[in-house]
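Could you have a look at this structure, given as C-alpha cells, before my questions?
Labels run A, B, C and D following the written order; every chain starts at residue 1.
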Amino acid sequence: MDIIAPVITPFRNGKIDLDLYAEHIRNITAKGVDAVFVAGTTGLGPALSVEERKALLEAAASVARRVIFQIGSLVLDDAVALAKYAERFDAVEAVASVPPYYFPRLSERQIAKYFRDLCAATSRPVYLYNYPAAVGRDVDAKAAREIGCLKGVKDTNENIAHTLAYKRLMPHMKVYNGSDSLVLASFSVGLDGVVASSANYVPEALARLREAVARGDVERARSIQFAIDEILEAARPLGYSSAVYELVEIFQGYDAGEPRPPIYPLDPEEKAWLKAAVAQAKAKLAL
Amino acid sequence: MDIIAPVITPFRNGKIDLDLYAEHIRNITAKGVDAVFVAGTTGLGPALSVEERKALLEAAASVARRVIFQIGSLVLDDAVALAKYAERFDAVEAVASVPPYYFPRLSERQIAKYFRDLCAATSRPVYLYNYPAAVGRDVDAKAAREIGCLKGVKDTNENIAHTLAYKRLMPHMKVYNGSDSLVLASFSVGLDGVVASSANYVPEALARLREAVARGDVERARSIQFAIDEILEAARPLGYSSAVYELVEIFQGYDAGEPRPPIYPLDPEEKAWLKAAVAQAKAKLAL
Amino acid sequence: MDIIAPVITPFRNGKIDLDLYAEHIRNITAKGVDAVFVAGTTGLGPALSVEERKALLEAAASVARRVIFQIGSLVLDDAVALAKYAERFDAVEAVASVPPYYFPRLSERQIAKYFRDLCAATSRPVYLYNYPAAVGRDVDAKAAREIGCLKGVKDTNENIAHTLAYKRLMPHMKVYNGSDSLVLASFSVGLDGVVASSANYVPEALARLREAVARGDVERARSIQFAIDEILEAARPLGYSSAVYELVEIFQGYDAGEPRPPIYPLDPEEKAWLKAAVAQAKAKLAL
Amino acid sequence: MDIIAPVITPFRNGKIDLDLYAEHIRNITAKGVDAVFVAGTTGLGPALSVEERKALLEAAASVARRVIFQIGSLVLDDAVALAKYAERFDAVEAVASVPPYYFPRLSERQIAKYFRDLCAATSRPVYLYNYPAAVGRDVDAKAAREIGCLKGVKDTNENIAHTLAYKRLMPHMKVYNGSDSLVLASFSVGLDGVVASSANYVPEALARLREAVARGDVERARSIQFAIDEILEAARPLGYSSAVYELVEIFQGYDAGEPRPPIYPLDPEEKAWLKAAVAQAKAKLAL
C-alpha cells in the first residue's frame, strides 16, 4: 500500500523554486513517501505552463524513484507533448490525467476519446485522475472500463465504495484514493494506496497510520486519521490549496515557498490562526 | 461490531403480516443479525401509521433480544407517543429518528428542538437516523454534538469519513453506517457496526464478512462486499425498496410478502430479471 | 394568469382552527387570490392526517370558488380516498399530488404508476405537484408526458425554463410555477399563473404585480418582486414554513395561528427580528 | 436589451482561423447581435493561450463596435496582461472574468482578491462572469457586492431570480443572463440583455424574440424560445461546445471551422443526426 505525495509546487515571486521542490521531495520520501504525483491539483498543475510542468518532472525524476506525472490539459497537443516528454525518465511509472475540466458540455464520447488519444501517444501506463469536485464530471468505474486502456486511477472522492468499484470491475488496475480524510479507510479496505496532500506535511504520520493498519491496530490508526481530520477542518476554510504550504512549514519546519495567484498565499493573520488551530493535532501526532 | 437489520415490513393486501415479520426476524437473527431496526426506511416506516408501528415493535420485541425503534414523524406528538410506547419493551435499546423530512424550509433551531423534545420524552437513549438522500438535510457530527442529548447515530451516507466524524467528536456515541456498499469499510475502520438492508437477505454473508475483517483477511472480506455490490447494482434500478422483498425470497427461500403502494412490488418481469441478474453473486456467496 | 394561494393551515394547540382557515381564505380571495391550493407544502399537507385534510377541503370549498386539493401520500389508498372525497365538491377543479417522497429508491415505473392510479381513481383532473427540493426527485416535462394522464402541473422549481418545458411539450396543460421568487418571471413568460406562498401575506402585491406585467410596466412589476425577495431573504433563515404564519400577521394584521411541531412556531425573538427585517419591504409595498 | 454573442473560436488543424472569426462576427452583427463576448466558454477561452486570446481580441475589435473580453485565467499575471492589452481597443467596453476555476479549495477572500486585482489593473469596467456549472463556485449577488468594484455580470445560471438579484442589490450594474433557455425570461423581466451562444447560429431569431417581447407578443416570443429549446435539447447530448460549430453551418450556411481537441468536433454520424434533429426547429424559425 503506497503513500503517494501530490507534491506542492513552491513559487518565489511567480517563479518555481526547483531546488526547493527537489529538497522537499527528498525530505518527504525519506520520511515514508513511496512515490510522488507531479503537477496534480496540490501541485497546481492546471495552473502551470507546459514548460513549467516539464521542469517539475525533471526535478522530481532526479530525486524520486517513483513518479506519476499529471499531464491533463485543455489542449490535447500539450497533454500529448507532456506524455511523450515523460518517456525520457525511467522514474515515471505512469502518466495521469484529469478529464477535460471546466467545459461542462462535453459528451462521454469526447471524454473517452481524450483518454484513448493519451494512451495512443505513450508507451507508459495511463492513469485516470478522477476528481469530480474540481472537474465537474465523474468518470466512474464503468466509464473507465469502457475507455479500455487505463491502467490505474487516482479517485479523489469521498465515497470509498466509488473507489473500490474500479478494483471490482478491473482487478488489475492500480487504484488509489485521493482524499486525505479517507486514508484510514483506503488502507483498511486494501486499496493500492493513497495520494494524500497531507503527505507533504505529515508523511511520518501517514507511515505510522499504514503500519497501524498493517498490524491490525485500528484504534491507533484511527487516532492518527482523526488528528489529520482536525488539521483539514482548520485549514479548509482558509483555502486548502494555499494552506498546504503553511502546513509544511508548521509540521516540517522549513519554508516551502508560496502558491501563485490567484491561488493567493495565506495572509499573516491566517497563518497565525492556522498555526494555533493545528497545535493540538500537532501535539497528538507528536512528530 | 454489530450487524443490525433494518427489517422489511411484509404486507399482504395492504395489511402487515405480523407472523411473517416475526418469522423473518427469527430467521435472520439465527443467521448472524445482532439487532433489528424497526420501522426504518427499509421497513417503510415513514409510510406506516402509528398503530402499525406499534404493532411492528411488539412483534419485534417478542422475538429479538435487541431492538432499535425508529419513531421519526412529521407530527411530534406521534413521535413522542411512539417513544413512550417503546418504554414498555425491555428489548428496546434505543429509539431512533430521522430529522423532520419533506419540509426543506426548517431552521437548524427547529431540527435541534425536535431531537431535544424526543430526548425529553423518553428515558431510552435517542439515536439520530441521518439520511440526507431521503430527508433532504444533513445533520452532521457538529450539528449532532450541538443537539447534546443524542446517544447514537445511524448515518446512511456514502462518505465513511462523515460517519467517523461522529465518533471523533463524540467518542461515547454508538456510531453505525447505513450503506450496504460500505459494510467492509465500516467494519474495517472500527465503527460500532452497520445497519444494512442486505441483512434481510444475506445475513450469513455479512457475518462472514465481519469474521474476515476480524481475522485480517481483507481479500476475503472484499470479495463478499463485491458480491453484495453486484446485487445492489442489479436491484437499484428496479426500485431497491421493493427489490429487497424479492431478494429475501431469492436468497433465503421464503416468500417475504410485499411492500405497500406507492412502493409497488416488482412486476413479474422485474422479478425474473432480478433473479437472473443476481445469480452470479449468489453463486459467489455460496449461501 | 392565476394567483393561487397555497393556504397555510392554522393550528391552535395541535388542532386545526377551521374557522380561522376559512376566514383567512375569505380575506385573501377578496384581495386578489383566484384559487386556493389546499394541503400543499405551505399548508403542511404531508404532516396532516387524512381526516384533517378532508376537513380542510370542506372548509375551503365552502368559501373559495376554485380549489386545487393536494392529496399526495405515502399510502396510495389514502391518496385515492382523498381523490374520491374531492368529487363531492364542485369547487374542486383539480386534485394535485407530489410524487411519493422520502423514499429515494423508487423506480420511474413506480412513480408513473402512482400517478396513473390516481388518474384512474377520479374523474377530476390530476395535476402533478413537482417539488424536487422537498421530494428528492424531479418529474420533469418528459417524464410527465410519459405518464400520460396529467392535466396540469405546479412546478416548484427555480428554473423557469424547466417549468416552461411542460407547456412546450404539452401545450394543453395548465402550468404553474411555485416559487415566490419567480412570480414576475412566471407572469412575464405567460405561464397560466403562480402558486405562491406569499399570496397568504401579500395578495394585494401579487395582484398589482400581475397588473403591472399586463400593462407592460416591467419596472413597477420588478420593484414589487424585489420587495417580495427581500421578505423571503429575511424569512428563510428562520424556517420559512413557520415564518409564513408570522408574515400573515405582519402584513394582514390578524393572528394566523401556528404551525404544528416539528414545524415549530417562531420563538418571540425570531418574531421580533422578522418584523423589523421586513419593515422596509412593507413600506415599499405600501399595503 | 442587448443580444451579445459569445463568439465561437474557429480552428483549422489546431490553429485559429482569424479571417473566418472576423467574417463570422460580421455576419452575426449584421443580423442583430449588438456586442461580442470574446474568449468566453463558447469561444473556448479557458483552452486558449494568452497570445491566441490577444489575436482574437484584435480581430474582434476590428469588426465589432462593442466587445467584452473574457480574460479569466489560473495565472493572475496572464489575466492582468490581457486586461491591459484590452485598453488598446476602443471597442472594448468591458473585460470580464470567470472566477478562478478548477481549484475547489479557494477561500472567499481569495476569490474577492482576484477580482479586486483585476479592477486595479485596468481602467476598463470589470464584469463578473459567473458560471457555477463550469467553475464549481457561485459568486452570487451578495458576494459580488462585497467585492465592490464590479460593473457588470454575465450570470450563466438557470435561475433567473439569481440573475435578477444582482440588479436588486446593485441597480447600476449591467446584468446579463447567459443561458440560451432563458432568453425569453431575460428579456421579459427587463435584464440588460443576454449573452447567448445561440446568437452564433440564430441571431435573427433572437432579434425577433426581442422584438416580440418589446411589443408584448409573449405568444410569439415563446414560440421562438421553444424552437431554440428544441435545438438545445438535440445538441446537448452530443457535446454542446462542439455542436455549436455545426449549428452555425446548419443555420447560417457556412463552414464555421472546428473546435480544438479535447473539445473534439462532432463526428460525421453526429453531424448528420444533429441536422435531422433540428430540421423541425429550423422550419419553425423559418430563417
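Everything below uses one rule, namely that a contact is a pair of C-beta atoms (placed from the backbone, for glycine too) under 8 Å apart; a residue touches a chain by one contact, two chains touch by 3 or more.
It should be emphasised that the depicted structure is a prediction, and the values quoted were computed from it without experimental measurement.
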Which chain pair is joined by more contacting C-beta pairs, A-D or C-D? A-D
So, comparing C-alpha centroids, which chain is the farthest one from chain A? C
Averaging over Cα atoms per chain, report the distance between chain A and chain D in Å. 34
Note: chain D sits from chain C at a C-alpha centroid distance in Å of 36
In chain A, residues with contacts to at least two other chains: none
Chain contact topology (line, ring, star, complete or other): ring
Chain pairs in touch? A-B, A-D, B-C, C-D
Residue ranges of chain D in contact with chain C within the complex: 158-162, 164-165, 167-168, 179, 181-182, 184-185, 188-190, 216, 218-219, 222, 225-226, 229
Which residues of chain C touch chain B once you look at their complex with the stated criterion? 14, 41, 44, 46-47, 74-77, 79, 100-107, 109-111, 113-114, 117, 133-136, 236-242, 260-264, 267
